[in-house]
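Both of the next two complexes hold chain A, though its partner changes from chain B to chain C.
Right, the complex of A and B next:
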């Protein structure tokens, strides 16, 4: 065996632990989930092979489409808000100001708080009878709002909390992107008489294009799979008003104990994530 | 171990286990479950072969379904405790085909917590002196309580008299269904078989209409429809509702946080219906799992809890007597020590009621009931009507299909 072959083999040998770990935490669970998805498997009962039975049930049941719709609404609304407001905040924080440092720090605070803490804080803020928001509304002579307990307000409320939690990350990332845009471009534009909006449209946004696209796609992946926030705030209720696909999968596995069905749901949802990941990687590579 | 509402009681049990273990030179490991975890975790442990030696909690539908009993008979323990000193009615839920498969430690029934000051305001606003069904100044039936709810609306249009939980995520939603359904003739099952499941019935549809009517009229808080909404305990502790129906666990909480609420509370039998006074109740019991390799040690541990009667009495009193003990002399002593004027009516309610479990009228454990309890079938059904706008018939059919599907899997077609 020559030296280069030996070095190559050594390289592969170093990769073995990685593949073992990947196999254990990734390939085996995925493979098992795929296998389980073809079975009716209730915890405590023997598994029964049903072929495509779980998939047929998913695709012919209204529940799945309600959850899919909720997930799309939740994701699209939260990500759009985070991107738009994040950009506005980034633009504001990019301006020269003696308070810029402290404002940037304050803007990042929601991102540093653990998700479950934020969810619990808002759970109490939104409480119909005891929450601070309704107490303030009532003191102003307004009617209290059932933020988490009415079908009309529950989804906007969880979207708001997701936005509040995630916007700072957008803002900080956009801010970093803004810093990378050459100042000479703005100076040249000013000389040519360009106003603020023109500079925004022709310099800032094009300069941030790949950052925006990457952040939107990443946030879409994260928000699509968001579980903890909705679970703590509403547990998917009232009714199915805030039941998204992750909540539905969780309930199928841990309330209904039907892990075959839950596995099939996960498999059905996977292509959406794969598509988003592929798009993200392509944009990142194109940006490089 | 199922964690209980009363921290001192949890600590007492854990301490007793450690004490026993120390005296007998035994290694023990204690893990705690919440109510909603009982079925999923026991079912998972059963599958994985990791069941404990002893389980303490509500009579387990996973471990004690009569078609697949996973616990050992404990007649010898009960014999040793002495039947003369045992409340036999507490043992009925653990007696299967003449043998006892768990040792009850504490029995509880859901009772009405009535807040006196609000109650008087409502009665005054509607000029009520006596209630039609009870014939007296206190309500007895659900119809009497509906009259009270209407009276409370006269006093305050924003008042929601029935502090009932409806939502998913909280097992109390299931209890609301049962408490209103059983007294009006509702039945879950009559025997452990598919044909024994009686959920699909006109009584179920009628009860769904009843709950919908109460919800639409504002007798139940609109926030009650979610887990994060208005939990019944909260409605009592914040005095938001004139009444709730629950085991006296919220009452216990009030004894530790709000003595004025305790003084303002009456504990009454639960509301009855045309089929009589049927109270939803249950018993916390010690179960010895049949896979244990330490049967004698398990029996010794269980007996250890009953032998020190002074400690057992303190345990009961620590929980504001919400759990009536298995032993008569302990119950008598506890009632003397703790607010006899309040606990007395509670114990009388326990004596007067026909105690129903969620498998009423079968009243023995069922895996089917355990699964629908942990997946909140009743709450989902109510949400379909109250939130999604389904017709009650459709919602009841949906729930019945689900229950019967589980029954086919558990009991065979």
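Right, the complex of A and C next:
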């Protein structure tokens, strides 16, 4: 056996543990879920084959579409706000300063705190009677707001919490991207008499394109799949005001105990993610 | 310096300090309320006063005191939950490091057919959202009677964290200089010997970063413990803290104290590697 064959075999051998585990926790479960999605399977009772029954129920009833709409509203608003404001903050803070290190550390704090802790903190801050936000509002002479329990405010409130956690991280990432842009480009543009907006359009934004794209796509995947934050804050309520697809999947499987339906729901949701993932992977691999 | 450039600098200063101030207060204010409440007596909240009236450690003492036999979250010492979280996170980290070091080395250094496909699969599984997996993983672990075990949570966590550490280490190994390994190869060292004796020692910083990432991600995870465990003595900190808001009467000071206890480990760990946090989480989107 020659050397390159030996290395090839070793290469495969080193991958075996990883793919064994992924097979058990990823590939096999997904296959099993696809299979179960064709059955009526309630926890504790035997499975009964119903063909496309679960899928037909999902696609013909309005619940799925309400949740899809909520998920899109939640994801689109949160990601857009994080990216846009994060970019503005990064542009404003992009300069040599002795505060740079400490600012970066502070901006990273929300990201380093576990999501469930942030959700619990805001659960209190948003509390109608005892939350700090309403206490401040009332001391300013304004009416208290039912942040998490009124249909019109629940969604903006959970979006805010996602924004609060993610925006500073976006800003830090964009700042790191800005600092990688070569200074000579700006100097050359200045000699040519370019103004701030021209430099922004022709140097800064093109230079940041890769970072912005990657961050927006990654964040879309993460936000779309957000469970803990919404579950702790509103559990999807009031009514279905903040029921996103992850919450709906959870409720189907663990409140209604309808495993077959929940499996089908997961399968229906997967293509949206897969589309986002393929886009992300292509961008990441191209950047390698 | 001309008047024009002077006024330009002044505007720059104003923008810089205003944005910096907004960011800092945006991050700090909610955290201030959290600390204030955690270190003052429960009654403070009912005075609707946002400036601490007195200082106490009793909320933390209460949290760690065993009141009743294990069963209700309110009566159980939080030491138990800290221990469960430590167990889950440590075991996840150890398994992750062993498995993903081998896989990452294989992907970064060895040459064989199908390698590109394998690394794409790893990246794909890293991005795969946990919510789509929640039902499938639950089905599989339930069929192996692994629900209500800490090991079950560890297995579920590896589905999302193994691909991540593999990807991270793959990127790290690629940055190492090849010549040391090549000369060891000429000296007759085996590939496994090279990995253990040469690559691992010089990769220590990368391994530490990977270890910290998998530890904190396991520590912060809410979803898998929430669906897999319903026996209170087995709960990790994330789910145990959340159960504090499920009572008729919420003890807010204790809740905030629990939040601080749960957040302190990941915040310190992430802060110790903050240079890598941005690079690592964005799958290397930010270079340099």
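The rule is short, and it goes like this: the second predicted complex is superposed on the first by the 271 of 288 C-alpha atoms of A that agree within 3 Å, B and C clash if a C-alpha of one lies under 4 Å from a C-alpha of the other, contacts with A are read in each partner's own complex, and residues count from 1 in each chain.
Note that a residue touches a chain if its C-beta (ideal position, glycine included) is under 8 Å from a C-beta of that chain, and two chains touch if they have at least 3 such contacts.
Here the structure is a predicted model, which means the values were calculated and not measured.
Chemist: When the two structures are laid over each other on chain A, which of chain B and chain C touches more residues of chain A?
Modeler: C
Chemist: What is the contact status of A:254 with respect to chain B (first) and chain C (second): first, second, both, or neither?
Modeler: Both partners, chain B and chain C.
Chemist: Report for A:76: first if it touches chain B alone, second if chain C alone, otherwise both or neither.
Modeler: Neither partner.
Chemist: State whether A:63 touches chain B only (first), chain C only (second), both chains, or neither.
Modeler: A:63 sits against neither chain B nor chain C.
Chemist: Mind working out whether A:130 is in touch with chain B, chain C, both or neither, as first, second, both or neither?
Modeler: The answer is both, since A:130 touches chain B and chain C.
Chemist: If we overlay the two complexes on their shared chain A, which of chain B and chain C does A:153 touch? Say first, second, both or neither.
Modeler: Touch partners of A:153: none, neither chain B nor chain C.
Chemist: Once the structures are superposed on A, label A:44 by its partner contacts, choosing first (chain B), second (chain C), both or neither.
Modeler: Only chain B; A:44 stays clear of chain C.
Chemist: Looking at A:269 after the superposition, I want to know if it touches chain B, chain C, both of them or none. Which is it: first, second, both, neither?
Modeler: It touches chain C, and chain B stays clear.
Chemist: With the two structures laid over each other on chain A, which partner does A:239 touch: chain B (first), chain C (second), both, or neither?
Modeler: It touches chain B, and chain C stays clear.
Chemist: Can you list the residues of chain A that meet both chain B and chain C?
Modeler: 123, 130, 254
Chemist: In their complex, what parts of chain C are in touch with chain A?
Modeler: 12, 15-16, 18-20, 23-24, 26-28, 30-31, 33-34, 37, 45-46, 48, 50, 95, 98-100, 102-103, 105-107, 110-113, 115, 118, 120, 122-125, 127-140, 155-156, 158-159, 162-163, 166, 191-192, 216, 219-220, 222-223, 226-227, 238, 241-242, 244-245, 252, 255-256, 258-259, 262-263, 266-267, 270-271, 274, 277-279, 281-288
Chemist: Could you please specify the touching residues of chain B with respect to chain A in the complex?
Modeler: Checking each residue of chain B against chain A gives 39-40, 43-44, 46-47, 62, 167-169, 222-223, 225-230, 238, 240, 367, 371, 374-376, 383-384, 386-388, 409-410.
Chemist: Contact residues on chain A for chain B in the complex?
Modeler: Its residues touching chain B are 42-45, 123, 128-130, 146, 148-151, 154, 233-241, 251, 254-257.
Chemist: Along chain A, where are the residues that touch chain C in the complex?
Modeler: Contacts found on chain A: 4, 6-15, 17-18, 21-22, 24-26, 28-30, 32-33, 36, 88-89, 92-93, 95, 97, 99, 103-117, 120-125, 130, 132, 135-136, 138, 164, 168-169, 171-173, 176-177, 179-180, 210-211, 214-215, 218, 221-222, 224-225, 227-228, 231-232, 245-246, 249-250, 253-254, 259, 262-263, 265-266, 269-270, 273, 276-277, 280-281, 284-285, 287-288.
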